[in-house]
Structures are given as structure tokens and as C-alpha cells.
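See below for the structure under consideration.
Per-chain numbering from 1; labels A, B and C assigned in written order.
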Amino acid sequence: MELINLLNYALFFLTLASVYAILTLALNLQWGLTGLFNLGIAGFFAVGAYTSAILTTPEHAGYVGGFDLPIFVGAIAAMITSSIVAVIIGLITVRLRTDYLAIASIGVAEIIRLYFKNAEWLTNGVRGIPGIPRPFGGQPVLLLLLLLAIVIAVYFLVERARISPWGRVLRAQRENEDGTLAAGKNTNRFRLESFVVGSALMGLAGALYAHFIGFITPQAFQPLYGTFLVWVMLIAGGSGNTLGALLGGFAIWLIWSGTQILADFLPSTLSTQAGAVRVLLIGLLLEIVLLLRPQGLIPEKRTALVPRKKSDKGKG
Amino acid sequence: MATDLLQLLYYGLVYGAIVALGAIGVSLIFGILRFANFSHGDLMTTGSYVALALVGWLGWPLWAAVAPAAIATGVIAIVLDRLFYRHLRRTAPVILLIASFGSGLILRSIVQIIFGPDNHVYRTGISIPFRWQGLVITPDSLWVLGGAIVMVILVHLFLSHTRMGKSMRAMSDNMDLALVSGIPAERVVMWTWIIGGILAAIGGILLSMDTKLHPTVGYHELLPIFAAAIVGGIGRPYGAILGAFIISLAMQYSTLIISPAYMPAVAFTIMLVVLIIRPSGLFKGTL
Amino acid sequence: MNLLEINDVYGGYGGGDILKGVSLNMEARDIVVIVGPNGAGKSTLMKSAFGLVSIRSGLVRFDGSDITRLRPDKIVRRGISYVPQEKNVFPTLSVEENLQIGGYILKENLKKRIEAIYAMFPRLAERRRQAAGSMSGGERQMVAMGRALMLDPKLLLLDEPTAGLSPAYIDQTFDSVKQINDNGVGILMVEQNAKQALAIASRGYVLTNGQNRHEDTGAGLLANREVAEMFLGG
């Protein structure tokens, strides 16, 4: 591979990795900090991407368009629509117990994806939306710098949120819900807030994805890529840990891209199956990560925020 | 119009039978092993492809391939448990959920690597549907209904008349009390996977008879299956059957009002409504 | 020889100690009742005889053997059965199936034991096919006790058996307890209905703050003025 190709690939890799890093940081807010097992990441990712795409693309025949708004407006709008969807979904789901929340959230994400796939008047259906404007005319280095800047900004946002009083309440109620309720904090309100903020960030990531790639289809937001890959990143990096989430994002993206390169080297008989081989590898990777280091690469330093009160069944 | 409604009812019963076989397994696994098995759809796919291997490579008739495929799937389920889930038993249910998603990916991709990404069928040629009372009925769909009924009866007999079946129901009802009564937890777990695997395989074969064989054929039904299990009540196999028919009929009849593309959305919506209003489901499940 | 000996036990559930040096003795075929205010450690004391408590120091001895570190599924095979306060039956299983599961580890004699339980509780025989969860509180309590008795234990641990029951069922439950005891089973029970419980007890223990406060015969505690004022409602 020539140097220039390698360099281009590296830029592409890092930029897309940054998008996933933002998703992972957002998920860290929801799961690591608040204990919300969100399997619907792909849904908010899609909402953000489509919102920004629809608002910033020129006129098209056959589906909505022509607003021609600037990219940053699209990005902000993406965050707003994601938040609105999150408020609606959140009001329903945040009070559910963890595995029900998981199933409900994946159901929601699938409904969203089904809608985007079928509402051709809005999204052009499976054909997708092409021609999404790219910042800086697509200049790769500037794009990467922009994205890295956003990643750093999101990182500090999430980290500041974690150590803030608000974040302390979230962590306390994650560890000891009864104690926090007793202390008078409205648990569900905090969970909802965390859910919405996280989803807004996922919407932002979606918008950035759309503007980076320049073309989106419903296929890009399937649960595998939009949701589970992010979960692998978070678990690998250490859930609850902001830095871990960031590193996990980049590390797993490296491995995932690595499988793409490996698949390119497969003998031609297998190369048609390259996609399946990659999926197999990611499945195995997931299991290995879970078995070996369920707490992740950088485990969260647990400090007891509320003294544990062990309640036993029956009066003592 | 009346025949349309009747036709949809028939489709609903056929599809509901398939979903029921998956949902019973999911419900039992959820009730006893305490996690949502996201690889269940892929277990169905595995069963249907093992049958395909026997039919396609060894030339067996399909009916002869059913039992070996079912047992093979049960064994595969146990192997996955030994490899992955067993080590994670003490962790949170969500970790097991993710692990099951991972094993689903592994199953799905191995199937695709071996058999390729294209569609397959058990039998080439067109099967002629026949008409009865104005209904269009394919011979395969009759096999689906018949096969499902037989399996449900067998499962019922197992759960209500065998020691292991009662132990499974006991563990699902009240895990602590069951353990304290001396029920061997790991043995029950193994049987849960066997029963779940057998039902999934047969459900998968029937599904593939009714539609086609494809590496994602089972995964595609995962959420309706979960919807059925939740509607019926987790850990309640009979609830799962009822839930399956409710979901299936709702999906079919929804096509009178909205586009068939949104049928899965109908299933999810019912599931969401149940989770909000009555999370323990119709038969008051254990979770 | 003592049936059960709990000696100077300190322990809890993994946090701080709930039991702070508490002791208890009982002979075979005794009925022993533990009373005291909420949070005193009554249930915990009883559960320490069933491997449900982390015991930091002290000894629990049953029928001469040390069972301090044993787990519940081992203890149940030695002759102690436990009826929790809540969730003490299999709700979707029938009465008969509950008993069958209770006798799961019996190699033979399952049917004989079931008939013995029915002899003790004829009401259960009448309703043998009914789902345990659909029964009334008092009858459910009978199923719970019947399940525990399937292994013919020497000692039965009962955690607040009359909690939440109507007065008629409370009487019935205490009658059942006496009947079980007449059949040769020792009973160790925690009760809020202290007066009625002590009336049928051979011995009683009053616990406060995880420690022994009083110990006497049932009648003795009932006659004790301080105990009467503080714990028996006068």
C-alpha cells in the first residue's frame, strides 16, 4: 500500500473512530453513570443523521429536501430531534427494569429504522440520501481535526457531568436506589435527564456521520453496527469510566477495521464471505472481552457514595 | 371481505404457531436462567440449516432430518452455555444478554460461511396451494400447524408429568426455594437448553418451510418472539403460546390498516404497551 | 444431647454484624420461639441455622455436628427444613407438585411421605390439584409447611408463619405447628404474635439489638412483667 493511500486510510479510520467515540461516550453517560441499558443507540444515531441530512441537502425529486441549511444548523437540529424522541421514549422506558429496558429500547430503534426505511416521502427509503454536504469541502485533515475537537469537547462534557453534583446523584442512585429515594431525589427525573442528554449526543454523532460519509441509507443503522459495536467498545474500555469509554471506542474500531483488512487478504473463495467472517470475529471478540475482562480495560474506581445498607428479607 | 379476514386468521395461526415454539423456549430460558436470550432466533436458524445439510448433502427426507436437527441444536445450545454463559452466571443479566447476542452472531456467521448468503429451500418445485371454504391453504402450512401442535403437546406432557419438567417449573417459579429443596440447578439448566434448543430447531424448520432458508431467517423473528414471551409472562410457557397468537394475529390484521412493512412495529408496540402497563404479562410471569 | 446449639455467634449478610454474640439452645422435640422488636435480629438468628447468614465467629451445631459453614442445600439433607416468610411456595405448581418438589431428593418413599403430609393436613389432600398460588393465606402456609416437612426433618425453622393472616388462620396455623411438633419435629420459630406463640412454646428467647435479652420457658416469659410490657403489648 502506498504511503498516501495509507495516510488517507488512517485519516478515514480516525474520523470514523471519532464518531464512534462520541457514541461510546454518550452511552457511558447512560449506562456507566446511570445504569440505563440502552440497546436503541442505532435509533438515535439514525434520527440525528436523517435530521441533519434532510435539512442540509438541496432539493430532490421524490422526497423532502431543499432547505439547504448550513451544516452546524443541521447538527444542532439533529440534537434537538434526538432529544425530543428521547423524551418521549424515555418517559416510557426509564422506569423499566434493566433487561426490559433493553428489549424496549431495541424495539424502539427497530421501529425508527423501519420507519426511515419505508417513509420514502421523507427519507427516500432504502435508496438513501446522497449528496450530504461535507464540512470544509471534504478536506480530510480538517474534517478529522474538527471531529477530534468535538470528541474532546464531548469528553470534557461527560467527565464534568460525572463529577458534578448531578453526576454524583446519578452514580449514587445507580448503586443504591433506595438510599437515593430516601434522600429525596426524584430518581426517574435524573434517569430521564441522563437518557436525553446521552441521546442528544448520539444524534450529534449521527449528524457528524452523515456529513462525513456524505450518503446515508437505513442499512447503516442496523442494530449490529449502530448499537452492539458501541456496546463492545464500552465494555472493552470499562463502563462507567470516561477515559476507558474513549479508549475502548478507538481500540475496538481499530480491531473492527483490522478485520476488514484481514478479510481483504482472504483467498478469493472466502472473500465473498468476508462479511460473515468479520461478524464471526466480532462475535468471538465480544465473548472474549466479556469473559476475560467484564469490567473493561480501565475499571472504574468504585468509591462508595452512599453507605451500603444491606436489606434482608424479613425483619431482623 | 369475510374470506380476507378468514385468510388473515389462517396466516395468523400458522405464523403464531412458529412464534410460539420460539417463545416457549425464550420464556423458559428467561425464567430459569434469568436472561433474555438474544441468540434464540439464530438457534432456530441453526436447526433449520442442520436439517438442510441432512436433506441437501445426505439426501434424507425432511421428516427424517427433524429429530437429528433438533437434538443437534439442543447440544449446540448446551455447548454455548458451557463455553460462555456458565462463566457469567453470577454477573448481571445484561451481561448475559450481550453474551447471547455474541453467540447469536457466531452462529449466524458460521451458517453463512458454510452455506453462503443466498436463499435455500428444502425442496425445489412449487407446491400447489389448494382451496378450502374460500381459503388458500398450502400443504406446507398444514405441516407447520400440525408440527407445532404436536410439539406443544409434547412440551406440555414433559412439563407436567416428568420430574425434570416439574423441577423446571419450580425453578422458574421460585429459584431460591427450588435450590433449597435440593433441585440440581445445573442439571435443570442443561435440560432448559435442550428443550429450548429442540423447540427452536423445529420452529426454525417450520419457519423455513413456510418461508425460506436464509442465515438471518431466525434472527428476523427474534423480536416478535420476545414480544410473545413478554405478553404471556416470562417463565410461563402457556402464556408464551397465547402471547404468540395474540402478536401474530395483531400483526396480520394490522395489514388491513397499515403497510405490511410495519408488521414488526405492531409486535414491538404491543410489547411496549405490555411492558408499561403490566410488565409481568398475562399469566403473571416471574420477572 | 441438644438438637440445636447456637453459640456466641457474630454475623450478618455481608455488611455489619446483625448478630452480636447471641446464643440459643434447643432439645429435640422442643418448640422454641424467638421474639423481640423489629430489627433485633430474630430472623437472622434463625437463619443462621440454615446457612443463610455469613457467620463471622461462633458456632452452630446440629445434632452434634458443626454446621456453621454449610450451605442450605447440604443442611437440608441433614434434617433441618426452612419455611421463609414470603415466597414460600411454588405458586404455579399444584399442592401435590409442591410436595413432590419438596421431596425431590427422596429416592424412594415419595408417595408415602406425601400421604403422611395429607394425613396431617387433610385440607391439602382435598385441594391437591389446586395451584398453590391461588390458595388463601392460611392454606398457602399449610402448603409451605407441608413442602418443608416432606424430608421428615428433625427441626423445622418457621419465619413468622402467621404474618398477614386473619385471626382464624392464625389459630389454625398455631394448631398445625403443635400438630407437627406432636409428630416429633422440633420447631424453631420467629413470631410477632408473641403471646400466642409463647403459649405453645417450651422455651422462648427475647432478642434486642442482636443480643440475648431474656430466656425462659414460654410460660415464664409470659409471666415476666418487663417482657409483657415491652414486647407483648401488656
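List of remarks:
As a working rule, contacts are C-beta pairs under 8 Å (C-beta built on N, C-alpha and C of every residue); 3 or more make two chains touch, one makes a residue touch a chain.
Note that the coordinates shown come from a computational prediction; the quantities given were computed from them, not determined experimentally.
Per-pair tallies of C-beta contacts place A-B first. Comparing chain C-alpha centroids with the centroid of the full set of protein C-alpha atoms picks out B as the closest.
Note: the chain lying farthest from chain A is C, by mean C-alpha position.
Inter-chain spacing, taken between the CA centroids of chain B and chain C, is 43 Å. Between chain A and chain B, the centres computed from C-alpha atoms are 30 Å apart. Spacing of chain A relative to chain C, judged by their CA centroids, is 52 angstrom.
Multi-chain contact residues of chain B (touching two or more other chains): none found.
Taken residue by residue, chain A touches two or more other chains at no position, since every residue touches fewer. The residues of chain C that reach two or more other chains are 84, listed in rising order. Residues 35-36, 83-84, 87-88, 91-95, 97-99, 101-106, 108-110, 112-113, 116-117, 215, 223, 226-227, 230, 259, 261-262, 264-265, 268-269, 271-272, 275-276, 279, 287 of chain B are the ones touching chain A in the complex. Chain A meets chain B in the complex at residues 37, 92-93, 96-100, 102-104, 106-108, 110-111, 114-115, 117-118, 224, 228, 231, 235, 270, 272-273, 275-277, 279-280, 282-284, 286-287, 290-291, 294.
Residue ranges of chain C in contact with chain B, taken from their complex: 72-73, 76-77, 82, 84, 87-93, 97, 100-102, 104-105, 147.
Those residues of chain B that touch chain C in the complex are listed here as 163, 166-167, 169-170, 173-174, 176-183, 236.
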